[in-house]
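Common to both upcoming complexes is chain A, partnered first by chain B, then by chain C.
Entry: the complex of A and B
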């Protein structure tokens, strides 16, 4: 094998991994893994990329073949309880969610979208091939690109959710295979499915986008972030004490960092108790770091896995966290959604958005995508805050077409301080064709979560300076101004019963009809067409012998 | 003289060893297949059919253990039991009570799941008639030298197998699918195992060559389930597949066990139903077919002494540093919620259409009435 000539510079790639552990108010614990691969290459222009090192080849080929500018896919099991757990670092709705920005050079966006969903369903072992035009929407103002870019024409954006999608080990296995170290070294050894799925909330996601290479931002590199958020329930392992360790959470301890990673760190949120009175972390560490995340300045103890002293003499790291009580993090924005009404004909969807800030109001963009079989009556749409009508400053509504596309409703609403805003709309349920029902129609039909994107005022000044090295969990959403930060909140998905026919009816009808026809008509037919003949009963044995003898004698029989 | 004897000895030795080599070579290639595939299907939905998923996963586990890689296995599970909310131990599917053996494992890859397991998809996988955008992991890319193992389990009856409580596949359809596979040269030899009630009826109608079939019960008999687990609350496995799993756990990749041993699995005393098998369409003697011909993936390696000359690698053309121009422009992140921009986002300008019939008719009427009342001579005043 001849070595590659050195005149062609190999693009540089970099891999970082981190784990953030945040104890929650109710005693549960929230762990967030982030794995980031940065690669200075260009999939779009010029030569085809052929040598992959840290960046997974399957995703690289997807990007170049389908001219993808940004790709965000998440698989979630469970619903994030904002009021009990605060805000997540990366929000995601229950089920599967996929949104993609295509490059400007794509001519047939819908056809490329369909092929992309099929390829991704093979990569992630999920039934993403059920994404088609009946559940895909093209938002007009939400879901702006999270990576760099100048022009945003929403014709190249597609968004779809599958609220029914199940997440299990078969989705985790290919996700782990995309990591450079796999699940053999580094933080990924903690990802054991038996513990991860025995939790209140589990979400794994893949985000691909172009980012600035440095603070000057003259060149771009591709960033692949793989995130996994999990919330472990206090009462599941049986013990009720507010004590957690890596072994209790993941049934594993750490022995080494991933050799291919340039940085491998664990952050533990100790903001509420920096002195260590109510809170205890062992083994102790002197490394502290502060970060501006979710509008608040939080303090973290840092464990650097690339340093050998972190592992101590036993060569393994098992963090132990003990705390007595914790303050409740009051989230500023919170949302709920439910279906009201009775019967199987009509209903009403209510979406409630809570603004818990005492004196500031902020704008909120609500995106609702309702399947076509719930026929929305938009003339009954009302938006009320504090009892008074609140007119949205921007409404975009695209009506549904039966069996072709869903309803799309986007509204920009200003939420007044310390209030509840209620959005209600009435709907009617459609009767599906009998072949369109799923094999278990009495379970109900799902309506995907609403997405609420907002700029929430922050308590401390956010860091817009991107020159400093920031931990991964605080650098996901780009921050343009200091006084507010961008956030997305997802509501619950809805489960709606549609009028279901009795599928045993054809069988019963056929049996009954055939019985009636056979018994009723058959008897009548026989009575009318049968002719009756009188028949002599056959004589006894003695008479028969006598008749034979008489025949032989030539005498007429008896 | 001595040289002659030496030469003759050498000649006979060479001929003997060449015969040996030929024999070995003959044994090496006796089965005629070069790759192995497996299609494992569970057709039942709902929590109380846990045992069907456990059946399929235990065959999946054996087949993976004996060497067939995930890329050559098409696994179809009609419902999710491992992460079902009724499962007291999530991400596990057990086959033995007291939770001894977790057949779900840590690296399972399910290709068709949930609503995707339909009769149509199953037949399309077998015959290869899939839409062009189907990914590789969902395709059966077998050729005429592939040995395929097909395993079906679920609820069945005399001549049919129920898919997901809403549709059925009949034995005639299955036989025709296999005939299509034979005509398209999609298999070398095919082993068909079915674990349902009255399973033997499913292989009655086969008519393509090189098929061997096993079923867990005869026509008129029910296949019974093995043992419930009180913690999980459902029956964990079916009897036939339970004893099949026990039998396969003893097989390793170099085992010489053959099909006759497989026919003896689960006699009537253990299974309560009578397992059946069919070998009349199989061209070889079943005693010469090894278990690993279907359940394992024994790779055949050919050693060659030829040398191949490698050509010079293609010289990369130096990258034109057009980057110079691109470096002038600075990129920036997009504003996530530009409120003023959104509010003033103008709606799409509708294309101008010429006025349609109604407007034209209305204007014509107005003009007619005007000229009728005032007369044509006033035209010159207007223009």
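Entry: the complex of A and C
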């Protein structure tokens, strides 16, 4: 940390940045940026924190005003293809996802949640104000706190997704502004929106949680992680050659580390190529490091940007990776989801979960939040593995209330080894009021991704010591036991069509229906208020005129 | 009479059992014309499944039956088909017995009127004979049991069949004059049969020979007794419903649902598309208008038909079936079962051919246009809505036609059949 002479006691904060580049087996390139700020302070106590240095003030004020204990927000464009790309370091569903644990001092969680979503909507220039009670749920088991804290009363947890949310430069710019160096120095100079959004997958997230500073957890500090995952496509025009460089991916090279960062590193995953047969990296480096991540021990070439020697004589770093050949791998846990059925009346949601471990079975928690206008019938829920019924050991189901809250289904399912488990549930599509449809009603309605959380058995022993110095990408999810690691898989969002009324007809419908009711009223009114009388035939027109003239003359009529 | 009735019941049960065993049963239980969010069997099963999961069925928006249905089907869910067939049989037998009793009373009143010489001489052909009235109860039972609407409703296991059974038992106990068994379970499952209590009250007054005179004490005393008994049984039913789940959640879920119409699933009624296209500002206003419309005809009809309470029951049932918030074909089948009772009015009916053609055509077009909208995607909701409108107009015409014929016959019975004008030529009757 750079010593800054001042008479005010310095808040003890620390900033680290890192970039992990992993060549994927399909030929794509996965780049994961993580920026972490650790700050030993207490937002919760009465003294208002006013001297912000590395920690962004807007987020600090959000934490103290809304008594937030943990906040996780992600914006994703595209869908992570687990089968081709393996597991991401930080999974996220398409669209926007927000889940927050509040402190137990909050009395009105729903009101605070509403205000928080509106404030975050302003901070990130996203339409998070569309989060309301119709798409918010309180999962009972799937989203346990990732930081310290032993409060597990899920009344203080709120989870919402907006699968329809688009991510663009407008969201990236305020995200970059939260970084201590902005986008002027360090790894953040690579974040140019023109290249970043020209990719197969782009996800930016902000995670705030309290963590322990040391082993005994005597002091706690607040951790802010800003992560950005991006996958570049091999077949993007101009990238026909099997060769990647920082300049080609980001149209920039690196010239210096962020001066405020205590550590600034680039990791290139060379596990699949220890002898340099599949690809070669230049400029070469002798710094190697090993880390346990996603149940596997992986080897990385490290480039330390705080060392001037990394930049060489040209004073800029442009990493180059040249391919030689390719191979394939299968992830242990993988899921798919689709809608079956035809017509606009009913349908069926099928979720398939694949367990590719050869001999171990493990339990997974499936969380499904389905909007209220797809009425689920829970008695049609079936879970089958390998053709046989597989009864879940824990089901938490909260039925929806029209226009108030969505369905919440959480299940604990044991996945047998080397098998596919299929979860099906039938639903009925509702007809909404004409004002409740979006301007493009025939596009369909989005159903947020299902979340599958599980502790997957790992091949190597995981490191449970959370305070040891580790690269950021392997220290996100807390590790409680050595034999397994925590993984979260998001399925595809669904697009479902609903029957639509004719939007051009409100006045016509009102008139026609009121006419029918009036026909009923009129006939019954006639029969109730009139009585039968003998009809006297009325004389012809000539006679009537003659009678009128006669009356005027005072003469008796014809 | 027992033998033909038994034969009819056997045929009806056979037809239903055959349809249960066929693949049509699943298809029919999905049809929106036959089941509604209030009466669908799928939702009853869902409610029972939620109860098994430990969640209250009324915490969501899928189950809208009273807790009495949970009581009943908690034990009978495996025998559901037999329950619904039995409900149809009970309805038919109740209607048979009540129409038989009613005919006896009609004939007795007619005999007294003839002896008192109250009918003009030329309307003797309007007098009804026992011979023509002999087969009417059987025809009523047949109209109910073999009506395709009833069969569809039974095969779909729509709880409308249970509602109809309860209403039929209510009518039976009214006509038998047995005020001890006379209660308000009809009120239990939906609020609209409330309007039938006025008709039942008038019938019981007539049976006890208490004239409907607002100044007399005996009238008010009887009304008070009846109201007390009716409200008492209503409280018993609501209290029983409360004690099942120990909460009042079912009140907004059942009665609040019927009155506020939040679910806009298409059906054969007028409410769904009207409120799907309603401007938000006017929603409450039109909701009140439409709901009042159902109850509003009670007082005028009771005043006009105070001498003929059974026809009033028929009119009320028809008005409820047409204008209720979630009608199904099972409701229509109930009031159509009464039509043979008024078969002597056929010479005064004016539109019966048009109405029956329209009803047949609409019944055939409903599934076609639904398929075109929901499955083929080549029509839109307006097509289905148009057929809904036409179907309801036809029903309104049918009901008002019978009302016209009834009133006209009454007029002829007091003024003579062949009317002459002042100059002796044949007269025409109009409503003025």
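Rule of thumb we're sticking to: the second predicted complex is superposed on the first by the 489 of 558 C-alpha atoms of A that agree within 3 Å, B and C clash if a C-alpha of one lies under 4 Å from a C-alpha of the other, contacts with A are read in each partner's own complex, and residues count from 1 in each chain.
Note that in this section a residue touches a chain if its C-beta (ideal position, glycine included) is under 8 Å from a C-beta of that chain, and two chains touch if they have at least 3 such contacts.
None of these values were measured; they are calculated from a predicted model.
K.L.:
Should A:431 be classified as contacting the first partner (chain B), the second (chain C), both, or neither?
P.N.:
Only chain C is touched by A:431; chain B is not.
K.L.:
Answer with first, second, both or neither: which of chain B and chain C does A:501 touch in the superposed model?
P.N.:
It touches chain C, and chain B stays clear.
K.L.:
For A:440, decide between first (touching chain B), second (touching chain C), both and neither.
P.N.:
A:440 contacts chain B only, not chain C.
K.L.:
Touch test for A:108: chain B only (first), chain C only (second), both, or neither?
P.N.:
A:108 contacts neither chain B nor chain C.
K.L.:
Is A:389 in contact with chain B, with chain C, with both, or with neither (first, second, both, neither)?
P.N.:
Neither partner.
K.L.:
In the superposed arrangement, does chain B or chain C reach more residues of chain A?
P.N.:
B
K.L.:
In the superposed arrangement, does A:536 touch chain B (first), chain C (second), both or neither?
P.N.:
A:536 sits against chain C, while chain B stays out of touch.
K.L.:
So chain A touches chain B in one structure and chain C in the other; where do those two contact lists coincide?
P.N.:
None.
K.L.:
In their shared complex, at which residues does chain C touch chain A?
P.N.:
Chain C residues touching chain A: 30, 32, 42, 45-46, 48-50, 53, 55, 59-62, 262-266, 270, 272-280, 286, 290, 293, 297, 300-301, 304, 322-323, 373-375, 377, 380-382, 385, 389, 392-393, 396-397, 400, 403-404, 407-408, 411, 415, 419, 421-422, 427-432.
K.L.:
Which chain B residues qualify as touching chain A in the complex?
P.N.:
Interface residues on the chain B side: 45-46, 80, 82-83, 89-92, 104-116, 131, 133-138, 164-166, 312-313, 315-316, 318-319, 323, 326-339, 342-343, 345.
K.L.:
Once bound in the complex, which stretches of chain A touch chain C?
P.N.:
That would be residues 342-346, 372, 375, 377-379, 395, 397-403, 430-435, 499-502, 505-506, 509-510, 512-513, 516-517, 519-521, 523-524, 526-528, 530-536 of chain A.
K.L.:
Which stretch or stretches of chain A touch chain B in the complex?
P.N.:
Where chain A meets chain B, its residues are 2, 4-5, 7-8, 46-47, 77, 114-115, 118-119, 121-123, 125-127, 129-130, 140-141, 144-150, 152, 164, 166-170, 173-174, 192-194, 196-198, 212, 216-220, 363, 365, 393-394, 412, 438-440, 453-455, 477-478, 480, 486, 503.
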